[in-house]
Amino acid sequence: MTVAPSTVTIDQLTDWLRRFQGLVAEHQTELTELDSVIGDADHGANMARGMTAVAAKLDAAEGDGDGPASVADLFKAVGMTLVTSVGGASGPLYGTFFLRFGMSAGAVTTLDAAGLGAALRAGLDGIVARGKAELGDKTMFDAMSPAVDAWDVSVAAGGSPADASAAALAAAEVGRDATVPLVARKGRASYLGERSAGHLDPGAASTTLLFRALADALGG
Amino acid sequence: MKKFINDASAVLADSLKGVAAAHPELRVDLENRVIYRGEATRPGKVALISGGGSGHEPLHGGFVGTGMLDAACAGEVFTSPTPDQMLAATQAVDAGAGVLHIVKNYTGDVLNFEMAAELAEAEGVRVASVVVNDDVAVEDSTWTAGRRGVGTTVLLEKIVGAAAEEGYDLDAVVELAQRVNANGRSMGVALTSCTVPAAGKPTFDLPEDEMEVGVGIHGEPGRHRVPLASAKEIAAMLVDPIVHDFDAGGLAIVMLNGLGGTPLIELYLMYGEVVPLLEAAGVSIERNLVGNYITSLDMAGCSLTVLKADDELLRLWDAPVVTPGLRWGA
Amino acid sequence: MKKFINDASAVLADSLKGVAAAHPELRVDLENRVIYRGEATRPGKVALISGGGSGHEPLHGGFVGTGMLDAACAGEVFTSPTPDQMLAATQAVDAGAGVLHIVKNYTGDVLNFEMAAELAEAEGVRVASVVVNDDVAVEDSTWTAGRRGVGTTVLLEKIVGAAAEEGYDLDAVVELAQRVNANGRSMGVALTSCTVPAAGKPTFDLPEDEMEVGVGIHGEPGRHRVPLASAKEIAAMLVDPIVHDFDAGGLAIVMLNGLGGTPLIELYLMYGEVVPLLEAAGVSIERNLVGNYITSLDMAGCSLTVLKADDELLRLWDAPVVTPGLRWGA
Amino acid sequence: MTVAPSTVTIDQLTDWLRRFQGLVAEHQTELTELDSVIGDADHGANMARGMTAVAAKLDAAEGDGDGPASVADLFKAVGMTLVTSVGGASGPLYGTFFLRFGMSAGAVTTLDAAGLGAALRAGLDGIVARGKAELGDKTMFDAMSPAVDAWDVSVAAGGSPADASAAALAAAEVGRDATVPLVARKGRASYLGERSAGHLDPGAASTTLLFRALADALGG
């Protein structure tokens, strides 16, 4: 039995982002279809546009030969790219998530499990600061909040980043699926009132892809 | 999907090229996707910016010009523009008297305009915002994202634009904008879904004998699906929720707006049906608009907006306006 | 059929009621189905009348007002109005200087206007007619009913209306109208059929991956059915037949017109595509219109009109016009 | 064997009009469908509107107690009603047909077979005077011209009005069906060029109903 590494490198975090881009591209149609039912049919296009721009930025940086100096730099660039290329609700929300993630992580090139957890929590708090979502509002928060909680619980129990990412993904999936019966109170779906019930929230679906990408990158 | 497009992901960029070609009197920043007036803001005039997802044309770009907006930021179809676009526009049009952001109440628009305002303030520009939320179709708005901003936006841009042109200062402009928003109510119905180019198929399926009541302008389903009704019955579905939502009596400006796929012959017909119902509710229609002003791509449908007016609002309404979408007095 | 109507046979009457309510500045004779300017024709001014089947709004009623038409006769949907309507309108607007009938070249319109002109002449009114026939989609026009009158009609009503307002006499008005017609060419494409209310279903079926090239404004199929193409390819299908039909080089007024069900975002996109093709053919676009001006109910589609211009035409184009459908300079 | 009457009364002519109205109402959808294929989908509505107005006029006159004084009066009223209520191509064409028919018949209350034939021919000439159609242009003329010819031939051979009307109907049907392969040279169908071939002309169809109504009214 090999011991799982206890730190996460900046390369793994870059891999996370690339995997997230790949999953978003793969699931673009599905995300848009979810948004067709209770929104405005653009969540897949929005996320794909944003993550394509992020990937282009990563490519360009790699092409230049000099990768990001620090986790803070990396995620500041990612956050700003999302903010300036996505628009809609998801642009500022995911953008803020990554901006705050980077600020929390700081000028480092590796993070331990607790540090990564703190960065995730900072990102989550950023989403709440912008969007004021609470649990049960039927938003991406409903997947992200339990995922970050699960990360923390796993780390507190001595879990590696790989363990924590697996736990976070499982929690995100549960949170995502729990959005189905809810009547939306935030975002466009709230305009539908009762008619929003019975459908999965598109943002919760893309957030779950974010945690699947993380688990894939960290071997969780 | 049957549309005049080259590539679903290039619709906005390609369409803006056409706007630039058609309107040499405007300046179109294709890079930032901002439509500006041809001339710089008159020193001392409060500048007005709006913007939002595309697909609602002529809103907002078609309302840039003398007596209305100074700039409009175009987002992707049904997707709010981004803070950097808004910041560029805000800095470009500021002439020292401050800038009003006219924001329709959607989470995306609100969040992006908020970020832009923070950035602009940091650059030393005085920015104020008004969030339009006039859609009575959204019933339980207290604990939610609130009401959508729809038709009143058009009337607000015209009226507040005239006030800025007249020399109202930023505080007065904000007060007026809030008053217009508070006095406007809208309600919409759809006979068909629209098709978002990137999605490639209709956002929802609607059988031949059904319609959606209480739709916004993003192809979202409405609050209720009901059997297809006659124009007279539909008129009541538009008027009733508005006149029950506020005391609509008195002077008013009324807009019967097409959602994009409904021809003018039907819009006039609907207008003919809503007028007696509004009059019965004590509304005295002083001015009106009938046509496509705030659309939802190719959706067949219409919306009704009632704006309670007074002498000041009517005077500002009648003031000259020279834009692609609204023009009179010059 | 999904439309805002009460009764398929009352569409025109109901819609005219809405026009009357929306435009107190016009006078709508609901009995005779004629839309007049609010004031009587200025003594000595040549009066302009047009008319045709309904379903093409804003044409013609939306072009009644200062600087354009004096009256418009509305027929049933896609059916020419009748001679008695035209006679009533002709007599009502004559101010001693004669009346020009602007007729689109369709058998029904021509025959009914001919009868009306005979009747009016018998009543002592001097009547002249211009028959617009600008549709290059009709290829073998020599031994047939000839070319249809489409987009050039809008530009002609504007330009000749300005000339009449300026004081051109009947002979000069006729000469000008013929010149405009001779210098205008149009071509249209449809992505969907329209639905005539009385028919209750689409006039033709068009698969999701096909389009009709060379359509008019009556929901008739076009000359060719081809696979759905990109906007760029469609732009060539519009421009090529026009620039091959006549020497289009030089100054021009260009209209990219929507057929009713196509939203503005697509019309601008199409305009952006036709401009470089026209420029390559030597066309110098001096003025343009992009929007719904001569429609075909709810048909998704567009048409391109190129009118070769000169200084006189451009001056008349720029002259003030105050109508529901076109307005500037006042 | 009863001898067929040799004159046609004004009541029979009125019956012709009422029967035509009935047939048009019955076939309205069919006429509009024919016009959908090569025209603008309104021929059924146009003819129905016109003939309903004619029937209303006949009802009103009967209600007043005084029927038309003469065939000329009757058909002048019918022609004017069509001209002022139909519009389109068919309004002036059918309107002129009936106006000229009445003028030819004159201030009489009965017509013999030859007189009725002359009136039909005058109506036909009126259509040509307005619309300039020639045989093979794929219009109502293609049904009406052979019908009027057949009437004349039948009468020349000693046929009664009933015989002549039967012959005219048969000829109209043949002429109508012969429009199918034609490429239209008049009316809206001409805009379609070659695509107009293979479809029956709607005006030829309504004209055939006119002759069916005549045959029904005269017992042919």
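Just so it is clear, A, B, C and D label the chains in written order, and each chain counts residues from 1 on its own.
Following the convention adopted for this analysis, a contact is a pair of C-beta atoms (placed from the backbone, for glycine too) under 8 Å apart; a residue touches a chain by one contact, two chains touch by 3 or more.
All of these numbers come straight from a predicted model, not from anything done at the bench.
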{"item": "Contacts common to chain A and chain D (chain labels)", "value": "none"}
{"item": "Per Cα centroids, the chain farthest from chain B", "value": "D"}
{"item": "Cα-centroid distance, chain B relative to chain D, in whole angstrom", "value": "55"}
{"item": "Rounded Å distance between chain A and chain B, as computed from the means of their C-alpha atoms", "value": "32"}
{"item": "Distance between chain centroids, defined by C-alpha means - chain B, chain C (Å)", "value": "29"}
{"item": "Multi-chain contact sites of chain B, meaning residues that touch two or more partners", "value": "77"}
{"item": "Two or more partner chains touched - positions in chain A", "value": "none"}
{"item": "List of chain B residues in touch with chain A within their complex", "value": "9, 53, 75-84, 106-108, 111-112, 114-115, 135, 137-140, 143-145, 148, 196, 198-199, 203-204, 216, 218-221, 223"}
{"item": "Interfacial residue positions of chain C with respect to chain B in the complex", "value": "1-7, 11, 14-22, 54-55, 57-58, 62, 77, 191-192, 208, 211, 228, 230-232, 234, 256, 260-273, 275, 288, 290, 292, 295, 297-298, 300, 302, 322, 327-330"}
{"item": "Partner chain C, residues of chain D touching it in the complex", "value": "32, 36-42, 44-46, 49, 83-93, 130-131, 184-188, 190-193, 195"}
